[in-house]
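Working notes for the structure below.
As written, the chain order gives the labels A, B, C, D and E, with residue 1 at the start of each chain.
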Amino acid sequence: DPVNVFAAASLKNALDAVSEVWKAEAGKETKNTYAASSALAKQIEQGAPADVFISADLDWMDYVAEKKLIKSDTRKTLLGNQLVLVAAKDSGLKLEIKEGADLAGALARGKLAVGDVKAVPAGKYAKAALEKLGLWASVEKSLAMSENVRAALALVARGEAKLGIVYATDAKAEKEVAVAGVFPEDSHPPIVYPVAVIVSSKNADAEAFVTYLSSPKAQEIFTAQGFTILK
Amino acid sequence: MTGLSEEDWTAILLSLKVASVATLASLPVGLALAYILARFRFPGRTLLDGLIHLPLVMPPVVTGYLLLLSFGRKGPIGAFLDECCGLVFSFRWTGAALAAAVMGLPLMVRAIRLTLESQDRRLEQAAGTLGARPLFVFATVTLPLALPGILAGSILSFAKALGEFGATITFVSNIPGETQTIPAAIYTFTQVPGGDANALRLTAVSIVISLFALIASEILARRLNRQVASFS
Amino acid sequence: MIEIDVGLARANFTLAVKFTAGEGVTALFGESGAGKSTVLHLVAGLLKPDRGRIVVNGTVFTDMAAGIFLPAHRRRIGYVFQDALLFPHLSVRQNLTYGRWFTKAEPNGITLDQVTELLGIGALLDRRPTTLSGGERQRVAIGRALLASPHVLLMDEPLAALDIDRKREIIPYIQRLRDELKLPILYVSHAIEEVARLADRVILMAQGQVKSDGPPQQVLSPKAGPGDDRFARASILTTTKPSYDPDYQLTQVSHPAGAITLAGRLLPQDGPIRVVIRATDVTIALSKPRELSIRTALRGKVSAISEPLGAVVMVEVELEGGEILAAAVTRKAVDELGLGEGDQVHCLVKSVSIDDRLMAIKD
Amino acid sequence: MIEIDVGLARANFTLAVKFTAGEGVTALFGESGAGKSTVLHLVAGLLKPDRGRIVVNGTVFTDMAAGIFLPAHRRRIGYVFQDALLFPHLSVRQNLTYGRWFTKAEPNGITLDQVTELLGIGALLDRRPTTLSGGERQRVAIGRALLASPHVLLMDEPLAALDIDRKREIIPYIQRLRDELKLPILYVSHAIEEVARLADRVILMAQGQVKSDGPPQQVLSPKAGPGDDRFARASILTTTKPSYDPDYQLTQVSHPAGAITLAGRLLPQDGPIRVVIRATDVTIALSKPRELSIRTALRGKVSAISEPLGAVVMVEVELEGGEILAAAVTRKAVDELGLGEGDQVHCLVKSVSIDDRLMAIKD
Amino acid sequence: MTGLSEEDWTAILLSLKVASVATLASLPVGLALAYILARFRFPGRTLLDGLIHLPLVMPPVVTGYLLLLSFGRKGPIGAFLDECCGLVFSFRWTGAALAAAVMGLPLMVRAIRLTLESQDRRLEQAAGTLGARPLFVFATVTLPLALPGILAGSILSFAKALGEFGATITFVSNIPGETQTIPAAIYTFTQVPGGDANALRLTAVSIVISLFALIASEILARRLNRQVASFS
């Protein structure tokens, strides 16, 4: 049987590639199901036939862990990501992001597109970082929150929003935007993608796949997509 | 040639199956509800009406979540149906069909109800004087006269089923080959860089399917239209 | 046998009718809005009265006190509606045979072929009702009701939209239904002649009430006539022993007051033959005239002359044998002839003015 | 003035009619399905013919060759439909006044009060059409058409659903419209009497074709009559100089062949007065009779006797002055009286059988 | 007492405004489209019909994205409307209303079209013979006779507007007080572990609003129903 992987939607490109390599190497298959981490977590709670869960943030992995739905010994933190400030490609805008940076000035009364600061992981990180850097108050009223980080990116790419805060992985692939600045690592909680095997899984290959996710081959694919590998 | 991957085709065929089954399965239910709402006054009627509209009023994600809670493997209805009839919805294509049917139901019911309410009820009464029992009247007069509404309701429901996403992905997730319908596949594409072209291709497929369904319904409707009077 | 005693209150209209109608045709007669169609709806079970009972052929259709209300489909009625009400989604043929689903082909039942032949709708069978002319629609509605093998017929101005030739073809058929199948028929019509010829009983309605109720002789006769309309008055004479003269194609029937000549040949029928004579068709002569084209002269004596109010007075003649014949005469003629009660007179009736085709007479 | 020359092909029906109808009432007469309503639809602009022209009062309504098709709302017609077609969402009052939106109150226009009075629908003004009886609906439909101040009236069996009293009230009004407003009126009816009294011209239709077309005298007269129906035959005499006898409430009009007595009083009107006499109402006498209640005896000589086929023959009498009067007489009477062409006869007509109320005579 | 925060109330009032405006604004458009589809045959008719159904067929997110592309500040239509009439949709509540209107349009059009197609067209023709110009006929006959459908379409559209989420958030984002409607607020709650109670509270508000709308529409409809014939 293929391994049923429930993964945050933003991992699709990378994870599909890893699955392919794994299939070629180990002869085993996975079936990858992508959705918002929140939806996946609740579905696992309701008995979804998942073997492996990869969340886009800690909160939802903690949620399933608390309900004792994952094998805690298989949990690990797989990947990291960076938070960047993006602007339209032709704006030529560059901004060093630090305490006291003039983000509001750079916005010039335009909108700052982010993921939903309560709901979407990228949004939550963005809010944490802005607060940490003391910029929150100056831009709070300018936020345009989206259902997911890709939608936020689209707003910048389409010129609707002046600036956006997204993952480096997304910024990298969108030709219409340029990275205007990178948020310091310590300005927000570590951006992590935790992974674990589900308690109810009876698939013997599940743990093997999780292990494979940390193999050099897999890591190469992840880094190529812009993810960082956490030690 | 088409630029569609095998996975795309799987999603397309699944969507067709889900939308067809959802429409057909919700037809009798929609018809019964429309009939009850159109023809009877009883306490709780407005509540029933409100209930039917719920999938429209609630965000699809909430509908999906409520479906998950009630029709999931651990939900009360889901567990019962599993036990009694071996009918499992959770994380199956049947669940996707259920979600689509529920989301399309208010549209189906309204359309049918509209034609039922605009019918000249004296025709039913005339059928009664000829000896037809109520059920026969329903089958031979009420139902045929409501066909335009049934057709319109089916088309709306089918189209909605093709596009339904929020409730489906929340209820039965997005499992390739099982619950990954076209909209779920599109969603996945939009969540990663560079997926837009794929998303648009699939969207186009949806549109073509719905156009075919529309054309078929128009042809049928034109046949029915004869019953409306006009001098010319 | 139809027994009705019901009450119904509507916003602008109150109905309270009570009558009994035996076998045969009972005509509901009366002005527009009098409540004729409402009565038919009540008998058909399309409307619930506020109070009262309706019993047809011994079956209790409605009894509000006892909480009985037989649904329409169990009443075995054939209803020809005032506005046809054909099923728009069915072909003419399907409309006609709709009632057939619920009745085993009854031995006495009329067949589809007979109906299409009678009503002249053979060419329309595959058409849709929306493409029919007004009269065509009405004929299909009649056929649909007949084909349901009803035990009671309710007909609401069934012939109003038809041309005279077609009317004259259909009326004898309704008479045959009445006579052969012994169907009680409630018949709404505004045409006195239709009513006079067909009805065994006439219920005259006005404003939701029965104003007058009895055999047509009585209800349509001078005294009880509707309104002051001389054209609405007709007398009905009971005659016997028809004899046919094939040379002149005339039928003679016997009446105590003299022979009555009718044009054409009577269909074979048992029992007495009713002849309807309109008051305007009767001429009064003091002596039996000669050199006149009139064939029928009935003896009698003047029994009453109505109040001399307008231009026309009604002269009632008690014919030999006791039946009353009304004649509409100008007041001037009454004066000039010096007519008075008790005078012996001859009532002249043109045979040609008696509409034989409405009487089941065959040319 | 209405000029029609059109063709139209339908799946089961082909229409090809050509006629001209002057001022006054043109009756369309003919069996069910003959195409009468279709002609009205064409004149109203509710239907496009395949070919042909329709010109009304000098305005080209339709000219297919020239690509002219005036939309219905610019034709200024008043259409009384065969099935009422009231607006179900409007009250009776709103239905009646609907046409008023488009016409400035015209000097000659009839008022709402007059219409409700005439049609007896005053009590219905605030009702919805779905709650009306059949006859009530039809009356509202007539009122709605009249109130639109039309320049042409199209009436499709407008009186079919009405009782006789109501009919007799409405007909004189239609005559007044015809005479005072000089409206061309196309009038479909199955009732010969209505047609005979009202029509200036009768178009007899059958199977989509004009079978006969002319003044009623001609179309409804013996030779050209519709079918073999003696009841459909009537003669029309042109009379003059009405004089009224207030004592007896009788009107006498002059005719070269003798005076004709009518019950009631004529409404004041100019010009000659048309008297319609049904063939079945005429009795033939060889000598002028006495002691008879008949008031009218017209002199003339037999000009033709129809083929002696059935029981009844038509005797045509050329009255003094040249007009023809048809009498329906049994063949036996012809033989017994020894009637032959050229014989001098007296034609007796009962005044009471002439329906004065259909003639704009007032009691 | 109600357990609703100030932010919740803001979302509720906004949702009411958005749903009302969306319904009212789409009425004339829906009516026109329904009339055209019901009464005319022309090349491209099916295409137009298909176009109207698109918001049903496409995943809402895609609809939202297409709205962004066309009605956004840089989109061709958006730019034009901004320039000519100062009408801006992006990040405004007007955009949320536009999204809701577009999503509800297929429902609105179908309902109206159904009643238009079942009308006895001879009534319009009768109005014509009385001298009424087509526009007047439309206003005094066609329109009133279509009221049941207009009412039904409005209710469907209003309910859909209350529940619309995917297209709205994609098009105009989720700005509290400006574009954060009830569903957007609910969504946010559902994405936070433990937010379910808040989400349900807001859902209940939506349901209550829609019930009120339904009751109002039922009362109106009962008044209209008089025009359908029946003996009893």
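Keep this in mind: contacts are C-beta pairs under 8 Å (C-beta built on N, C-alpha and C of every residue); 3 or more make two chains touch, one makes a residue touch a chain.
The structure presented is a predicted model; accordingly, all values stated were derived computationally and were not measured.
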item	value
Both-way neighbours, i.e. chains that touch chain B and touch chain A	E
Pair exhibiting more inter-chain C-beta contacts, B-D or A-E	A-E
Distance-maximising chain from chain B - centres being C-alpha averages	D
Averaged-CA centre spacing for the pair chain E and chain B, given as whole angstrom	19
Chain A-chain D separation of Cα centroids, rounded to whole Å	90
Centre distance in Å when chain B and chain C are each reduced to the mean of their C-alpha atoms	56
Cα-centroid distance, chain A relative to chain C, in whole angstrom	90
Shared-contact residues (touching 2 or more other chains) in chain E	61, 65, 120, 122, 125, 166, 187, 190, 228-229, 231
Two or more partner chains touched - positions in chain A	none
Shared-contact residues (touching 2 or more other chains) in chain C	46
Each pair of chains that touches, named by its two labels	A-B, A-E, B-C, B-D, B-E, C-D, C-E, D-E
Parts of chain B lying in touch with chain C, wherever the complex brings them together	120, 122-123, 125-134, 136-137, 140-141, 144-145, 147, 224, 226-230
Interfacial residue positions of chain B with respect to chain D in the complex	231-232
Complex contact set, residues of chain D against chain B	41, 46-48
Touch list for chain E against partner chain A, complex	61, 65, 68-69, 72-75, 90-91, 166, 169-170, 173-175, 187-193
Parts of chain D lying in touch with chain E, wherever the complex brings them together	44-46, 71-73, 75-79, 81, 85, 87-90, 98-99, 101-103, 128, 130, 144-145, 148, 154
